[in-house]
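Chain nomenclature is as follows: A, B and C, assigned in order of appearance, with residue numbering initiated at 1 for each chain independently.
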Amino acid sequence: MAKAKQNRAFITLYRLYVAAFFLFLAAPLVAAGSFAFNDSLFPALPWQGFTLDWFFSPNEPKLGMFYDRRLLSGLYYSFVIGILVSSLSVFVGTTNAFLFVRGSFPAKNFFYILMILPLVIPGVILGISILVLASNIANGVENAFNYEIDMLRPGIFLVVLGQFSFITTITSLVITARLRKFDHSMEEAALNLGASRLQVLRTVTLPFLRPAMIAAGIVGFLVSFENFNTTLFLVGSESPLTITMFDRMAKVGSTPVLNAVSFVLIIGSGLLALITVAVQRDKSSG
Amino acid sequence: MSTTDEYDLECIGVSKNFSSVRAVDDVSFTIPKGSFFSILGPSGCGKTTLMRMIAGFETPDSGDIRIKGNSVLNTPPNKRNVKMVFQHLALFPMMNVYENIAYGLKCIGTDKATIESKVRDVLERISLPDVAMREIHQLSGGQKQRIAIARCMVLNPDVLLLDEPLGALDLKLREAMKIELKLLQHQFNTTFIYITHDQSEALVMSDHVAIMNEGRFEQIGRPEELYHQPATAFVAGFVGDSNRWSGVVASADAQTLEVTTQAGLTLRCVQQAGRALSAGQAAEVFVRPEFIRAERAGADLAEQGDQNGLDGTVDSVLFNGANSRVLVRGPSGELIEADVVVTGGQGDLRGGDKVRLSWPIAQSMCFAG
Amino acid sequence: MQSDIKRLSLILLFAPFALWIFLLIIVPHAGMVVLSLREKVAPRVYEYGLGNYIDFINEPIYWNTLLRTGSMSILVTFLALIIGFPIAYYIAKIAGKRSRGALFLLCLIPLWVSDLIRAFGWILLLRETGVVSSFLLWTGAINQPIEFLYNDVTVIVGLVYTVILFMIVPLVSTLDGMDDAMVEAGYNLGGNGFTVLRRIIVPYAMPGIVSGCIVVFMLTAGSYLTPILLGGKNSSWFTEQIYDQFITRFNWESGAAFGFLLLAFTSLVVWLGLKLTGQTLANTVAKS
C-alpha cells in the first residue's frame, strides 16, 4: 500500500515536471507572439488593449508588418532562398539516398561519414569557409581577367550555397531512411508486370519516396528560413528576414512589429511542422 | 529433348553459381500445359534462385530456359510472359486495388476501356467484384493473396510463378487458401509453378512435385509417387513422416535384402528396381508410421513371413484424434512412431505397455546410406 | 550491357554527391586552413606561417574565450541531457498513445521556430521592463525593476532552451524502439528503479544520448544569436570573436585561424565523446 502511494506521488511529481517543462517551452513563444496585439509602442507590459495595427496599419509610428517594405522584402528573400535551397537539397538528397542504399562502391562507409559531417560543423564555419573560397575565386578571376563575378560576392547565390551545404545532409538522411524501408521485391514485381526501368522508378519507387521527399523539403525550407549563423557571413544587400530582424533588434530597438512577424512565423512554422508529420504518417508506411 | 510448344516451360541443364556456391546445379524439367507444378525443398536449396531465373531476375550460368518452346535467356524480365506472385506479395501500397491490377495493362499501353473491362472481369473471377476502389491496407490477408494473383492473371501469362505466397498467413487461412489456389488454377487453366518448403502445400495442390535439395532435383513425380516410391533417401526423409534406421546390408538376393542396424536389429526389405543393394553396403531404412502395427504383446500374433517385427515398450501416446500415434521405445533404445486408433476404451495402449510392432517388408524403404 | 548501365547510373548518382561534398565542404575548409596560415606583413604582401595561431596563444582573451565557450557548451549539453531525458522518457514510454503524438508535436513546433524569435521572447520576459520583472513588482516581491538579462545564468538558460529539443527528439525516437518488456524484465529480475535506469534504459538509449549530445554541443559551441542577445556585448562567445575578425576588423587571416580552432576544438570534444561511449558517428547522428 505504502509503495503504491509512493508510486502515485512520484507519478504526480513527474507529471508536474513535464507540465513545467512545456510551460518553459511555450513561455518565450507566447511572449514573442502576444505582444504583437498590444496597443503600445513598446513590446512590454502594461497591456494597453488589443490592436491589429502592428499587422495592418499603413502609417508611422505603428507601421504594420504588411506595410513595412524592409520586412516584406526580407520575407520575400527568405522565401526565394528557402525554396531554392529546399528543392536543390531534396534533389541531391534523393540521389544520395539511391547512392548509399543501392550503390556498391569502394570506401562507401567513409563517404557516408563525409555525408553526415556537414551536420556537425558549426554553421559559422560553413559560412566563413564558403565566403573565403568564393572571394578567393572571384579575386583571382578579377586579377587575371579583370572580370567581376558578382555571383561569388556575398549575396543570394552564396547564401543558397551555404545553406544547401548542410541542409542536404538533413534531406539525405530523411530520404535514405525511407528508401531503406522500401521492399525491393516491389520493384521486381513492377518489372515482372512489364514496366520498363524508368516506369518502375516513376510509378513505384518515387511515389514510395514521395512522403519523405515532401517532409525533407519542408524541413529544408524551415531550416533555411530560420538559419542565421551561416547566412550572416554570406549575406549581401538582399537580406533575408532573420538578418533584417536581427539588425532591427540590435540597432533600431524593438517595436511590436517584430512581435507581429514572430507571430506570423510561429504560426507558419507550426503549420508546416504539422504538415510534415501528417505526410510522413501515411498509409504506405508498412 | 524436343522443343515443341506442348510444354509451357522447359528448363534444360540450368546451373547458377553465386561466387563459389553452386545454388542451382544442372536442373532439367518440363511442365506440360495447364498443370500445377510445385518445387518443394528446404530453405536454401536453390528453389528461389531457380524461380528468379525463370522470371528473368537472375541469368543462368549455363543451360536454357524455354517458354512455349522459345528460349527466353535474352529476354529481359519485363518482356517475359511469366508473371510472379512474390513471397510478401509486393502489392503497391500507394495504389488501390484497381490500379494494382491495371498496372501491367497500363505498362503495355492498353486503352482505358479495355483495362476497365479486364480488371472487372478478373475481379469477378477471383470472386472479389466489389473491392476495386479499396486501398491495399484495407484488405484481409486472403484478399491480398487473391489480388496479387489477379494482378498477374489479368495479363494472361504463359506461366504463373508463386514464391511461397502462403507463408505469411495464419494456419487456418493457409488451409483454406490451398484449396482456393487449386480452384483458381483450374479456373484460369494456366500453368502454376509453386515454390514452397511446406510439403503439405505441395502435396495437396500439385499435379507434379519436384523435390529439390542442394541445388539439384532429387525426384519429380506425382505427389503419391513421391510419398510411396521415393527415389532417394532424402525424398523418403523429407516427404512425410518416417522412422529411420541406419545399418549395413547383411545379405541380399534379387528380391529381398536384410539390413543389420547399428544396434543389431535385423530388418528385411524388398529390392527396388534400378537401385538394388548388395551385401556389405551401408544402408538406410525408412518406414512410415501408418504401416506399423502396434499390438499388445502376448496377444496371439499370427506373423506372416513377409513381415518385420520387433518388441518394445510404449513410451507415450500422442493423442491427435484420427492421427493419434504411439511412441515406442525399441529394443535398442530408439523411439519408433506408429499410428494407432485411440478409441477412449479399455483396449487403448498406455504408457508402459509391452507391445509388438510389425509391418510388411514391402513397406521398408531401403536406400544406400 | 547490364553492367554498363549499372556503372553509368552509379556515376550519375555519385556526381551530385561529389560536387556537393568536394566543392562546398572539402575545398572551402582546406581553403580556410590555408588562409589561416597566411599573414599580412605589408599591404598586399603575405607570408606563410603560424603567426595567426601564435597571436591566439599570446592573447589570453582569445583562448580564454575559446575555453569559456567550450566549458559552457559542455555544461549546456549536460543540463540539456539531465532536463531532457525525463521528458523524452515520458513522451516515449509513459504518455498514452494519443497524448504521445500531441506532446511530440508540441516539442517539434518550437524546434522549427527561429532561434531569433525564441531569444527575442526571452528578452521580452527577462529584461528590466520585461514580463517577469513587472510581475514581481506587481506582487510586491521586489520594489524596483530587476534586469535579468546580460549574465551567464541567463545565457545558459537561453542556450539550454534553444538546443534542448535537439536532445529530446533523438531520445524519443530511440526510447520509442525499446520494448517495454525489457524494463519489466529488469524489475522482474529484482532491480529497483535506479538499477533498471542505469543498467537497462540508459545503455539502450546510448546511441540517442550520444547523438543528442553531439548535435547539442555543436549547436551550442557554434551558436551566435543567443549569447549575443541574452548575454550582451560582454558574453565573450567565441563565434563573436570570429565575426569580429571577419566583419569588423576585416582580418580574414586571423578569422580563418579562429574558425579552424573552433572546428578543431569541437571535433576533438565530439571525437572524445564518441571514443568514451564506444559509439560511431554513423550509428548516432545519422539515425536521429
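A few comments on the model shown:
As a working rule, a contact is a pair of C-beta atoms (placed from the backbone, for glycine too) under 8 Å apart; a residue touches a chain by one contact, two chains touch by 3 or more.
The shown structure was predicted, so the numbers you read here are calculated from the model rather than taken from an experiment.
Between subunit A and subunit C, the least number of touching-chain steps is 1. Distance from subunit C peaks, on a Cα-centroid basis, for B.
Between subunit A and subunit C the centroid-to-centroid distance comes to 16 Å (mean Cα coordinates, whole Å).
Between the Cα centres of subunit A and subunit B there is a gap of 57 Å.
Note: centroid distance subunit B to subunit C, computed from Cα atoms, is 60 Å.
Across the interface of their complex, subunit A is touched by residues 10, 12-14, 16-17, 20-21, 24-25, 27-29, 31-32, 35, 83, 86-87, 90, 94, 101, 103, 105-125, 129-131, 134-135, 161, 214-215, 218, 221-225, 228-229, 239, 242-243, 246-247, 252, 255-256, 259, 262-263, 266-267, 270, 281-282, 285-286 of subunit C.
On subunit B, the positions that touch subunit A within their shared complex are 55-57, 77-79, 82-84, 86-88, 90-94, 103-104, 107-108, 135, 137, 151-152, 155. Only residues 183, 185-186, 188-196, 199, 203-204, 207-208, 210, 283-284, 286 of subunit A touch subunit B when the two sit together in their complex. Residues 14, 17-18, 21-22, 24-32, 35, 42-46, 91-92, 95-96, 98-99, 103, 105, 109, 111-126, 128-133, 136, 161, 164-165, 168, 173, 222, 225-226, 228-229, 232-233, 242, 245-246, 249-250, 254, 258-259, 262, 265-266, 269-270, 272-274, 276-277 of subunit A touch subunit C in their complex.
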